[in-house]
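Pasting the structures in now, so scroll down.
In the two assemblies presented below, chain A is common to both, partnered first by chain B and then by chain C.
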Partner chain A sequence: MIHAIRLEFYKLRRRFLFGMTVLFVCVELIWALMAANMSFARNPDRVGWEPVIAMLTSLNGLFLPILSAIVVSRICDMEHKGNTWKLLLTCSMKRERLYAAKYICACAIMLSVCAMQGLVIAAFGTVQGITQSVPGFLLARFMLGTMVASMAILALQQWLSMVVKNQAFALCLGMLGGFAGLVGDLFPAAVRKLLVWSYYSGLSPIAQNYTGNELQFYVRNLSDSLPEVGGLMVVAMAIYLAGRFFASRQEV
Partner chain B sequence: MNQIVSTRNLSKRYGNVFSVNEVNLSVCEGDIYGFLGPNGAGKTTTLKMLLGLVRPTGGKVKIFGKELEANRRYILQNIGSLIESPSNYEHLTGLENMRVVQRLRDVPDKNVTEALKMVRLEKQKDKKVAQYSLGMKQRLGIAMAMLSFPKLLILDEPTNGLDPAGIGEMRELIKSLPQRYGMTILLSSHLLSEIEQMATSVGIIHNGTMLFQGSMEKLQARSRPAIRIKTQDHAMARELLASRGFFPKVQEDSLLLENITDSQVAQVNRDLVAADIDVLRIEEQTRSLESIFLDLTGKGNSL
Partner chain C sequence: MLQQCISAEWIKLRRSYLWIVMMSLPLVSVCIGCANFAMNQGVLKNEWYSLWSQVSLFYGEFFFPILIAICSAYLCRLEHANRNWNMIMTAPVSVGSLFIAKVAVISVLLLLVQGFFFILYVAGGMLIGLQADLPPELPGWLFRGWIAAVAIGVLQLALSVRIRSFAAPVGIGLCMTFLGLGMYVMNLGLIFPHSLLTAGMGVLSQEGLGLGSSFLFYVMNLLYIVVISAGVMYRMRSTDVVS
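On to the complex of A and B.
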């Protein structure tokens, strides 16, 4: 399996996927950190880690579904474009292994995105002079929630990218997902729970609430979040298995 | 000789149409087997079924004496293939594409160098495949198929996109492989002339059905010349020849005698003249392989 994953990374040479991913995340981070910076300037008494994390989780809902669509599409598209399914399958590569290798490759890229975000938040807070020490546990929860939501979205995107050759459909789904991720919190809870893209903010360790005219940030209980994390992981696995089943049945 | 590939009643149906219908293919060790048929005859579908890319609707496939279903991994490890258009990653260089297959096949570096040299791509190996011509992509595809120097090489229309010089080189390369590396070659084409110059055995498929299978000599035997005799009275001439043990076919305005020696021709002529049947013309009629192929696959069909 490791051999297959390493091969996926080898094939991504010259696709500028890593550079593009870093650039994309940088744009999001600049946006989030500038917004946090402006907020701190206006309300110096509310300087803390919570607004920074909350700001980034909100923007993750918009950016990461699109980024996931791009990453998965780039990983799958090279096989469609190069007509290489035949080559891989006749080299006794199993379809299931190939599907898994591509998924793990996409997950590894998104994991590095999560890690990058965690590190940048820590660096930003330190530079801003936030008095509390770096909240390692909160950041770990933030990264876990972001990663689990991404895993479900990546599974969905991979299903579409593998089955439908034209990657415009997959990218459209990514954009619709970005919209759903941004406005997901505005939907009733029952609807929101059905939208995998809304879980970036749904699994965030920081919740936001208006008290009168003032926006309040508070830390969610871990015990409240864990069942949702577990449930979403099951959904991600179900989407992955369904995608793998349909993609493996296709004739090349 | 050992059978390397054998199929029994291999069929593939799409909807109500049989793309391949009960094909019994037999390729022996060391053969260059030419799989011939017009476009859409079912060649590629058959080859895809041999490689497990398409599931057969019916029938069995045995390669290296083992059932494909149960021994897929072992069988595929010993086959190199190029099916339809060449497969490659256009954003990578030729060498990097070879490295991808090298990792999949787990073969040493020297195989990469040798395969690139065999298809004359060693000087262009560092160029991106996107900048390759169709012929270069085809040659890279063949190099990728040969990378592990497999026991069986399956090539689907391998000379597509090559210029005349390239076709000649590819022909010589393919012909040399059984002797140099002990490979068995199964190659498909819709061009009879191409198969005629390379193959030792031939299979002709049309509308999914195998029409002919055997050695090239057996096919060429069908092209032996026949003697066409034109007389004043065909009915009487036929009767007379039948009494002498010759059974000519009536073709248009002549009688056609097949597998007949020169002395027999002279004897027939003497008998006809002696019986007062005027002989107007005696001529040799040669049949090209192409006309045999057209007869088998149906005249007027586009190749």
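On to the complex of A and C.
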């Protein structure tokens, strides 16, 4: 299995996928941090870690579904485009193993994105001179929530990218997912729970609420978030297994 | 020669189901825009103008540029598969015809999308129950949006001809969308294709472009279309294909 995962990374050499991922995340981070910076300049009494984390979680809802679609599409499309499925299957590579290797490869890329975001938040807060110390636990919860939501989305995107050769549909789903992630909080709770893209803000350790005309940030209880994290992980696994089942039985 | 190339491009699009993508993205943005307008009618009192501000926001800022990127990548998808660039470059047609045919086809596709968006906007407004006449600026917004979309389409085609991956040009296009939004906010909207779309369609401001700004808008779009097309054709003539 390790060999199969290593081969997936080997196939991504000189494809500029990592460069593009970093570029994409940098655009998001610049946007989020500029917005946080402007907010701090307007309201100096509100300087803290919570607005930064909340700002980035909102933007993650827009950016990360699209980034997931692009990453997975590139990992799967190279096999479609190069007509390598038959070649891979004649190398006695099981389709299930190949599917798992691709999924783990995509998850590893998204994990590095989460880690990068966590580090940049910590660095930004330190440079801004936020008086409280770096909230390691909050950042860990932020990264966990982002990663679990990404895992479910990656499973869905991989299913589509593997089964449908035309990657336009996978990217269209990514775009619609980004939209759902951005406006997910506006939907009723029952609808929101059905949309995997809305969990970037749903699993965020920081929640926002308007009291009068004032936007308030508060830390969610861990005990409230854990069942949702567990539930979403189960959903991610179910989507992954269903995708693997159908992709493995498809004619090459 | 050009006509044959255009016919070939249409044949390649048959049974591609690209129409699903072309219809779904405007449909979602109009549905959400209309829902938001209907729920906030106490604040949004400017009838069709307010509705336009809601439906065009997500469409013009996010969905339309991505739709253009997806369509452009799709038009080059077949060439990148199965070493088809070798075959197409040995066809007895000029390189210019090959690229201009793609530009012509993407222009028609984007015109259809704009037309569909117009129908959805009017239907949405009528369903909500707007009584006033349609804004007289509407044809201008749609036409200028189409012109800017063609400029973005040419830019995306240039990327898609160069890059084999389907998703990479779409990702680059998305980054350019945010860059365009930033440039529009910094009052540099008339010098970047993606912010030209924002300015031309009246997405963030429905006040309309003045005479000078309108002239600059058309000149910049034309400049982008001509310069990028010339660059791509020069590159296709002078560089060997990589398949």
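In this text, the second predicted complex is superposed on the first by the 252 of 252 C-alpha atoms of A that agree within 3 Å, B and C clash if a C-alpha of one lies under 4 Å from a C-alpha of the other, contacts with A are read in each partner's own complex, and residues count from 1 in each chain.
Definition applied: a residue touches a chain if its C-beta (ideal position, glycine included) is under 8 Å from a C-beta of that chain, and two chains touch if they have at least 3 such contacts.
Here the structure is a predicted model, which means the values were calculated and not measured.
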Check your understanding: If you stack the two complexes on chain A, which partner ends up touching A:27: first (chain B), second (chain C), both, or neither?
Key -> second
Review point. Looking at the overlay, what does A:15 touch: chain B (first), chain C (second), both, or neither?
Key: both
Practice item. Kindly classify A:83 by the partners it touches after superposition: chain B alone (first), chain C alone (second), both, or neither? Key: both
Exercise for review: Please work out whether A:166 is in contact with chain B alone, chain C alone, both, or neither, and reply first, second, both or neither.
Suggested key: second
Review point. Between chain B (first) and chain C (second), which, if any, makes contact with A:73: first, second, both or neither?
Key: second
Exercise for review: Figure out whether A:217 sits in contact with chain B (first) or chain C (second), or with both, or with neither.
Suggested key: neither
Check your understanding: Common interface residues of chain A with chain B and chain C?
Key -> 15, 81, 83
**Study point:** Complex interface listing, chain C residues touching chain A
**Key:** 16-18, 20-21, 24-25, 28-29, 32, 36, 58, 62-63, 66, 70, 73-74, 77, 80-82, 164-168, 170-172, 174-175, 178-179, 182
Exercise for review: Would you tell me which residues of chain B are touching chain A in their complex?
Suggested key: 48, 51-55, 72-73, 76-77, 79, 81, 83-92, 96, 99-101, 103-105, 128, 144
Review point. Given the complex with chain B, which residues does chain A contribute to the contact?
Key: 3, 6-7, 10-11, 13-15, 78, 81-93, 251-252
Point to revise | Contact footprint of chain C on chain A as seen in their complex | key: 15-16, 20, 23-24, 27, 31, 66-67, 69-70, 73-74, 77, 81, 83, 166-172, 175-176, 178-179, 183, 186
